[in-house]
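Two complexes come next, and they have one chain in common, subunit A, joined by subunit B in the first and subunit C in the second.
Take a look at the complex of A and B:
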């Protein structure tokens, strides 16, 4: 719409001002402050606050706790994303099936999506308990006298965290894949059937190529969310056993709010942000290339 | 004859396969939810039974009563409802206004502001947490309702603005021009022409944002202390002397209090939620 009168020029700015101001104060200002803090050695408990240049960044690579966190974060992202893609496409196919229970199943998959992650984390903490938990109780239906303290051992604790992450977010991923599936016209499958293609051929030759780009695009935000995942580990394992399930976001908040190493936490946060920005940038470049 | 039988067998297998998958997905999602419910009505002492008793012999609401009497459950529900409710109202008004501005006025400055809003989606909470905490302390907004509501609003802004702007884009400008010719002022056009047309989009956004706000844990955990909402309260429940590790009796009860409205809500708004998720890919 043409706004001809000069006096009307301030109107759009007035309309957008509140949201822009809120976002400036809650994201732009704090991230700039974090960048500045990352060059300082700020330890509140020791009363230290001095400029140290890149020392905080150098420290990252010699800190065993952080290296453990980074290692688990990478494992967590890779394993969880791989399973998201495989199981997510599978679940989307189930949600797309034509049958009587469709509305029911579409409703129940929304429950994990709508549940607060901390509730899932707290429930999981008890569910994975060796003696009284749901998981071992279920396993004992098939393997009597089964014993496993899931959250005590590194491997199984990490596996349990990834499993709960999938339980929470897989339905959400599947619904987004489903939105791509619904655009595929039924005519294509009819034509393929006439030509004698079976179900498996239809899936690999028609469905998968048509949703591949959609699924790849989804992987970017889901990867970024995994990188900043905090609630689940906070509620479920508190980073344990030891530091073995302390995802990097959990590590950063521990440094910033518990150990009060504000400068060091800022350097970690900025490293995380740079990795995320890099992933987004690669994604934009990559998507433009295969877009045509 | 034989051919028809073969076809029937094939169809039967497909139908059975569908039902097996259906049952599997339902079981994986609903069984843990049911277990949380059963635990919440089991007397605390009986939670230490193996195998788990999935149909409690002595159902009791004792854990709920304890939450109300000793943990201040009702205050926490009140806090949550108040913060989430006000967030939804204020954010919707602000974002609807902004969406209109972004959609209808495409000057360089406005487009840049829009790009800024979208770009801030990339900034994770852990990166901004510590300076934001100090900022809130400095301006006396830490652990206050206005401070919390402001931060809750901030978290829903990018998604809401994005969805509503795309929606306003679809509303033909000619409708407003017609109203302008009839002598309607700018505010009249906004409130009597555009806003009523935005109702379905606003409904979708509110439904999704309701879930987002209810799930928000990071904000109340780090930016408040005395004002507790349900998502934080559940990780800070007291351990009663007959429990160890975590107070599962109370956690399951509070978990169920959070879950029950969510299940009802999801059942009612299944269609709108599906549409909303597909439109914006929002993270709850």
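Take a look at the complex of A and C:
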């Protein structure tokens, strides 16, 4: 008996129904619950649960801890992404060169990326210690009297967090850029050389335009990962000194799971979600423009 | 036909995968009560449990609490706040006691376990500050007694020719004599969530009140700590240090004295715990009136109000509050008995901490740490402004002003 095409249309829906139901329960429901909670003052330890409208959202703009977190998050994302792009493209170019042991180097550069962030954070806490840390030990080879506690001053602590973030994720970014570089035909460079182009001209006129879309595509997830980064700071600085390295995702986690201020944490999470959506939209628009 | 075969094969593989992923369900073993414990990772836990089961005649189901403190507090808060009855007895620390004691989630134990005949044997300040709710109900059985003890490096004391640190003047003389060339008279753990212990300790030593920052004594205490930093007698570096970072420095002889919890296993492991190296000492008397203050802490066993197994739970708690239960904990986990009479009987004189712990109990004002319901938020905020003050980002006066605001917000 032949089954009509029309009656077959519901079969794909039936097949994906379990996944859709799981998604509704595990993703859609928590999102809706978070939106609802953001309009309530829910403080579990104080036994408070009452509707407050937009008060949680208004509080965000007056809370010095959150403002510090937003400031550092902006610095973290901008500096880290700028360095990801500059150093990542540079590293990718090096890895694209022909040299002995290239395959081995390509493999080992990915080791930091494969390590759990919490482990890196804990190791970094020791690495930046003035008395026992390997960073200062290394510096003391050249400057024997060098003394600096990296994690006690705002600037150096923030720098250390960004450095560790780069150490971990830069190789992965570079490997992904490398995959774009490998699609560029060698013929183009040869033609450019015949026309008298030097290395710098080749990079800016050929390489960069051809990998730009690839790099911008990578920037979307890498930016979003930076915005939601929590574990590095959790293990490395606990947001300190003071609140100076508390990224916004760390602040949300602290409010939600340590302070148990669920309503306020939900409002912060929604704000972060909107910012992430906006950044992604801008990035995609920019990418499309380049594509055109 | 080929597509159909592949579809059937994939469907069969999926079904088998689902079937394989389904856990095999065994019939539940009958338990008398469920204990949510932090001690399960201890190598002697099974022996301890066997001892408790034998002594109480209970068959106890044990759930391991998460080792991460935040996760643990979240889970326990969720269990208690939702009226989850799957757990009967929970081990909670001081922070959780402060958060939960007035919530109604925990059963009062005045008439059943913490009866008048044994109440007097527990540290009274701790009982009052930590495990008594606003209506006078005692909501927990302390599992042990720990002190925020004063530790000294005897080798350094001998080197500078100071016999003991009894007063503020002795303390300052020691700071002066010891500090220099990468060594500091006083060392601490000033990470923002750890420094709370030391701020409160110094406030107490100066005769202040942690919940009243208008008092001159509080300001004096903060000024004192600030001066230690300014004079190079304690390192500002320690604002990044938790105890994991502080203790190696203590073992390496970088600190002349410090405050730390426990019996000194971190020093013992490095061969540094002895009367001529690192040892506990009496807390100095900064007040000049012979008054010495010390904090005690504990993990207490509490009874979930929603528990359906209260009778069994009370049997368990009675054992934990008895000599037998405390002895079992001391032998298995080296937890110093919370009851003074039991400690006297059970702890041998050869225990290096016994003499000092007995002296702390008898010569000091023993208190629980000053905590509020939203403890972690309060602790963290106080730590943040303290770090700012020590780094000269705010003055001592500004610190006291902000601290008072925080007290008013959270208390």
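Keep in mind that, in the parts below, the second predicted complex is superposed on the first by the 277 of 292 C-alpha atoms of A that agree within 3 Å, B and C clash if a C-alpha of one lies under 4 Å from a C-alpha of the other, contacts with A are read in each partner's own complex, and residues count from 1 in each chain.
Simple rule for what comes next: a contact is a pair of C-beta atoms (placed from the backbone, for glycine too) under 8 Å apart; a residue touches a chain by one contact, two chains touch by 3 or more.
All values derive from a computational prediction rather than experimental measurement.
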Contacts of A:259 with subunit B and subunit C, given as first, second, both or neither: second
Contacts of A:45 with subunit B and subunit C, given as first, second, both or neither: second
Which superposed partner A:249 touches (first subunit B, second subunit C, both, neither): first
Of subunit B and subunit C, the chain that contacts the larger number of subunit A residues: B
First, second, both or neither for A:149, with subunit B first and subunit C second: second
Which of subunit B and subunit C A:23 touches, first, second, both or neither: first
Touched partner set for A:235, first subunit B, second subunit C, both or neither: first
First (subunit B), second (subunit C), both or neither touched by A:54: neither
First (subunit B), second (subunit C), both or neither touched by A:129: both
Subunit B versus subunit C as contact partner of A:280, first or second or both or neither: first
Set intersection of subunit A contacts, subunit C complex versus subunit B complex: 125-126, 129, 131-132, 257
Footprint of subunit B on subunit A - complex, ascending: 1, 3, 8, 11-16, 18-20, 22-23, 25-31, 33-34, 37, 91, 94, 97, 99, 101, 103-119, 121-123, 125-127, 129, 131-132, 134, 137, 140, 167, 171-172, 175-176, 178-179, 218, 221, 224-225, 227-228, 230-231, 234-235, 249, 252-253, 256-257, 262, 265-266, 269-270, 272-273, 276-277, 280
Residue ranges of subunit B in contact with subunit A within the complex: 15, 18-19, 21-22, 25-26, 28-33, 35-36, 39, 47-52, 94-95, 97-98, 100-102, 104-105, 107, 109-110, 113-114, 116-117, 120, 122-135, 150-151, 153-154, 157-158, 161, 173, 176-177, 186, 211, 214-215, 217-218, 221-222, 230-232, 234-235, 245-246, 248, 251-252, 255, 258-259, 262-263, 265-267, 270, 273-274, 277-278, 281, 283-284
Residues of subunit C defined as touching subunit A within the complex: 70-71, 73-74, 77, 81, 99, 103, 191-193, 236-237, 239-240, 245, 248-249, 252, 254, 373-374, 376-377, 380, 384-385, 387-388, 391
Subunit C-touching residues of subunit A, taken from the complex the two chains share: 43-47, 125-126, 129-132, 149, 151-153, 157, 237-243, 254, 257-261
